[in-house]
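Have a look at the structure below before the remarks.
Residue numbering begins at 1 within each chain, and the chains themselves are lettered A, B, C and D in the order written.
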């Protein structure tokens, strides 16, 4: 699960898939049609407005969804990649990048091997070798290179210590290197990965994350390289990246488009401008002046500016795609031990009121499961999938039948912003009608650390999540497998203290499946179980509202890049 | 009039044969939120070349304000100045600001009470004195000004002027600072020097030195001096004429000799009585004047001094409280008082202060008639 | 004088040590383990513990502080692991003296992180300083000289309003209306002076004006008050009595005395501002120390935060010293000892 | 033959050495009051400040009684995009100042209750500042010597810290300490207390210097010496002899610190520190409105104007009081 901007430990992801999903939950703005003009003009400068600052440009350390996508499109190629497309199903199907094909699996999806294309080079002209690919993964194990995803730590067939962490500690760990060399084998131009359990989504993981991307050993300076860019893609950095202001990408002379065929690489230069506030970006793009005419942004137009988007010259530059993020509510299972109470809460959950408070249909649509509709094998949750307006009288009955004192006090903790606060107040209003007495507890700073604290005494938690790639394996287990989440010092991502042997067993079963589809159906069972336990209430699927400058061409919001503007496609007009 | 020191610049010779300074009905009023403060209300006097006039009074009596008015320092402020100031044949009330500025420091110079606050703390003493020279001698070089300053510093008795010239005021002692002020005032050889309480802030020995200095320099430069003080001893030492002020008005005028010998106004008696004298025995206590000076906004009706005057009931018909006395000519002196000479003699008999009987009889007047 | 400066500098270093100690205790003695914010989303307790050790957060606060202080003088390695240094020197970040620590959130030495930020904040502070001194002191002089007039009242009134206006309001109005809506000036952005002095100035204009308007408002009142106070001084009467022309009285006698205390205030204000104007930089997306302070605080990046605190404290201490020395030079009555 | 030289200014007093008014003995308090009575600007500012305080006191009561409903969510007054329906953020007869976008809060009630919380924070911070400053200033000035030196260095140290940055950076840690160690209820209480505490903790040095200066002049006055020679305890001297003579700086600096802290609260709110919505403060209302500056500028100007008016009123009041009590202090 990649990170979304801003939260420390929040959520994001590369979402994808299921053509049906998007149309089902579309509504509002224009979906993902390539609304802007198409042009093959190569040249010009594209400005990229970036909120906050880039945490890391190091492939093995990146975990912010938008960065993962941009790295892939600009300078960090992987064995397989996701196509430049607007079609959700196509977007979820990896295509070859550095490798000649999308991989050969054997041993029940526990072994994967890839052969490198010839003629792919680094920015200094050296060819990319199998060892480079292998080295990239090696350094992912260096504990000092914090921040990146760690799927390989769990999947790779190497010894693990009693703390659950792999014994291998990166390239410096000569003692355990042999064990690693057994799990990842280079033979000529072919690299083979051996996993300790089936990893049917491996190509998706390869294409979506940068964890497995190649890295040049002679260029590795450890943590010093956090914002150093050494390219094998179409662009390379000019000079250095300046934290706080950004940097400019220029063409990489050693990149051969013939080895790619996917990335269009239209603009001659791409300038990132960091630390732009969303409302500032909105104002600038609405004004559409100077360099902002050829600018795209990675942040939502805030609800405050939505009313400005109807003007004729602005309307045509707006995209309103479904985002990969799902917001949900977790009951604290340690406090709301009576299932009837949880059921009453779920029954009177007024999604429609929440969405209105949240900013209307442009900003969100009702969620029917914690699993994003864009994921492979998505199904609405059979129990909580049809909440809608909230049934006050049914909930009241349930609560009366639960034999608890009424009004039942509820403390609802959520990450504060004006829109979410408005939504929460709307939810509270309906809940109160059903016999609850809701206290809102909005938290502005350090939200996740607060709700991860085991001693926290809230009854309900808001949370948001986005998958790391378009399979459910990156949604349900990380959030509800009590064995990886709950310790005496933290709840990690299982903020609601949910523990269920049944569900854990289903997770184990799913992880043994050898195809993404087979795994998906087991996860659907797990989701059904979660619904039955009222372990979470799906709230909304967030929608993005993106604006771009008038000179931007070939603009698409690709599900393959988490619906952010796809730098593999976007160009600027002359 | 010319002295060797001022030869480089020709000044108009005495244009008029009249007195150097003739002040007539000078009034300085300050409008405030509470009403008009009449700080000076009808002062007239004349001053001849080489003469010294002492202006005496308690604080708030308008002495300093009238001298500022002569300097034209109230121009450009809220003060309303009226009357006539005839200086060296020119009506100062009618000259332009620029002409006035040229007069200041050149023809009329002034010494202030507290030399520490009157000197700019950020400039050397030498620079401040030289500045006074250079603004009136635009052709003089820096060097000339410096030499001239050194010369003046020597003249006012500052030892080692070559070193002192580059020192700052805070490095000078009080007496030295006042000497420097004197040097600054006299550097352009002024025709009129106004000294506003020049010795108040100094201790007694230094006081004497400064006064001696002024007298000797007056002899040298033939300047006229107005010395403003509340210390009658100073006046007795240096002045030829005396003007006693109370509540913005002159209450007694005359020569120092006459006035000290035969003061005509009870206020002057009071001032004299409150002055320690060598001929008094040490056990005698000084007699301060009872009460406080009046508000300048609401003067008492009648004689402004009447609330504090022990003798007001001697004047029949409650006149002191209802009718304001004018400045009556009494011999060579003038006084703003209804008392008859008879009264004065009787009072003198009862007090140590002694108006002389002979003179009193010689200046017999029917005051009641005049004031009617 | 030299001895004085040396003594003050030593005192300043001592003060900085205390500042760092207090900051350390306040931050690292808190109940929150900063390592919690260093390991992304899959933050298992084991990972947190591993990072805690790698970053040295498991040691007592005083020991961490000691290491930190030594690091400023000698430099440090992150992680400080001799074994790792032998086997894989490339994975160790060396932080050469003066080392202000290492930020796990950005994987950079704090010194490296601060370096590009300082010229930004300094540019902004100096531009604002020049603007507010011209506007504030100029308007203050005019107001004092025209005391009681309509112009005086207008200037004082306007300055009072700007003084009461939060920077957030001034800055946003300037940005959103002057720059974006009416497009009277180009959108503010930081361009290094070395790259283009003209663009540097253009980009600085609005953020500097935001700060300048606030400070100028204070300086109008300050200047006016000091001049009025000086106008009542005896030595000005002396100057007039000497026949010194009006203009010379004003510039040589009045302003010299009235503006001296303003030097103190101005120096201290500039010193504090050099360390970054948090809100202004935030509003204008200006990549200075202030903006870095916000992002480091939000990411719970304690080493960076402490580094900024120290840099700002240094600016303040130096500004204090410079002001005192300057005052000694301007005012002959002040003896530096 | 007379010329009247007049200038339009009517404020100037007579020249040096002349005191025109009656010189009857008046206590400083009477003199100050006389001065104030004539100072119309200060009087108006005082009335506005008192009005602000009264609103601050009334708002929670009116809110309890349901008259102003500052956190009522009037979704029905918002368009489907969450914007208030109608001009001026939807102002109408029933919603005099309109409602806020997204949340639909009544702005009148919200601004009133926001004033309550902003003033409470400012007052709390001022109290901490004055108490700390007074204790340190009094001890420093009265005891002198080494104690004075040490306190002087503590003042230097405190002034070295960048206040806003510390407020921002410490918020997570200290709020956590407040809630977990001191069991302060989370949310508005802890956040508000934090803002008060830290503003006060970094704000006291100036006041300590003022008090120290005052105590230095008081120390040698007869009544203190008398108390000293009578063997009064030090505590007694502080409380019975010194404190009663320091009421003027307390009064003046209360009205000077208040506006400073009202502004500071707004600045902190912009950085998301301090009391968070739905509990309103003037700062967090302003912060919520910031992104609406283009689309609903009334929503932005309402809290901005309230802050400016309050700060202006307290500033003018403080200046006026200082002029009245200590005309020589000058306006800084």
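By definition in this document, a contact is a pair of C-beta atoms (placed from the backbone, for glycine too) under 8 Å apart; a residue touches a chain by one contact, two chains touch by 3 or more.
None of the values given here were measured: they were computed from a predicted structure.
Within the contact network of the assembly, the step distance from chain A to chain C comes to 1. Distance from per-chain Cα centroids to the pooled protein Cα centroid is smallest for C.
Using the mean of the Cα atoms as each chain's centre, the chain most removed from chain C is B.
For the pair chain B and chain C, the distance between mean C-alpha positions equals 56 Å. With each centre defined as the average position of its C-alpha atoms, the distance from chain A to chain B rounds to 93 Å. One simple way to say how far apart two chains are is to compare their mean CA positions; for chain B and chain D this gives 52 Å.
With centres taken as mean Cα positions, chain D sits 46 Å from chain A. Across the assembly, chain D contributes residues 9-11, 16, 171-172, 290, 293-294 that each touch 2 or more other chains.
Residue positions 283, 445-446 of chain A each touch two or more of the other chains. Among the residues of chain C, those touching two or more other chains are numbered 32, 176, 180-181, 234, 237, 282, 300. Across the complex, chain D meets chain C through its residues 8-11, 16, 153, 156-157, 159-162, 164-166, 168-174, 176-177, 180-181, 259, 263, 266-267, 270-271, 286-287, 290, 293-294, 300, 304, 307-309, 311-312, 315-316, 330-332.
Of all residues in chain C, those touching chain D in their complex are 15-16, 18-19, 22-23, 26-27, 30-32, 147-149, 160-161, 163-169, 172-173, 176, 180-181, 221-222, 224-226, 229, 234, 237, 265, 272, 275-276, 278-279, 282, 290, 293-294, 296-297, 300, 302, 305, 308-309, 312-313, 316-317.
Contacts from chain C toward chain B in the complex involve residues 233-235, 237-246, 248, 253, 256-257, 260, 330-333. By the touch criterion given at the top, residues 68, 71, 73, 101-106, 109-110, 112, 114, 117-122, 128, 131-132, 135-136, 168, 170, 181, 184 of chain B touch chain C in their complex. Against chain A, the residues of chain D that register as touching in their complex are 71, 73, 75, 78-83, 101-104, 171-172, 186-187, 272-273, 276-278, 288, 290-296.
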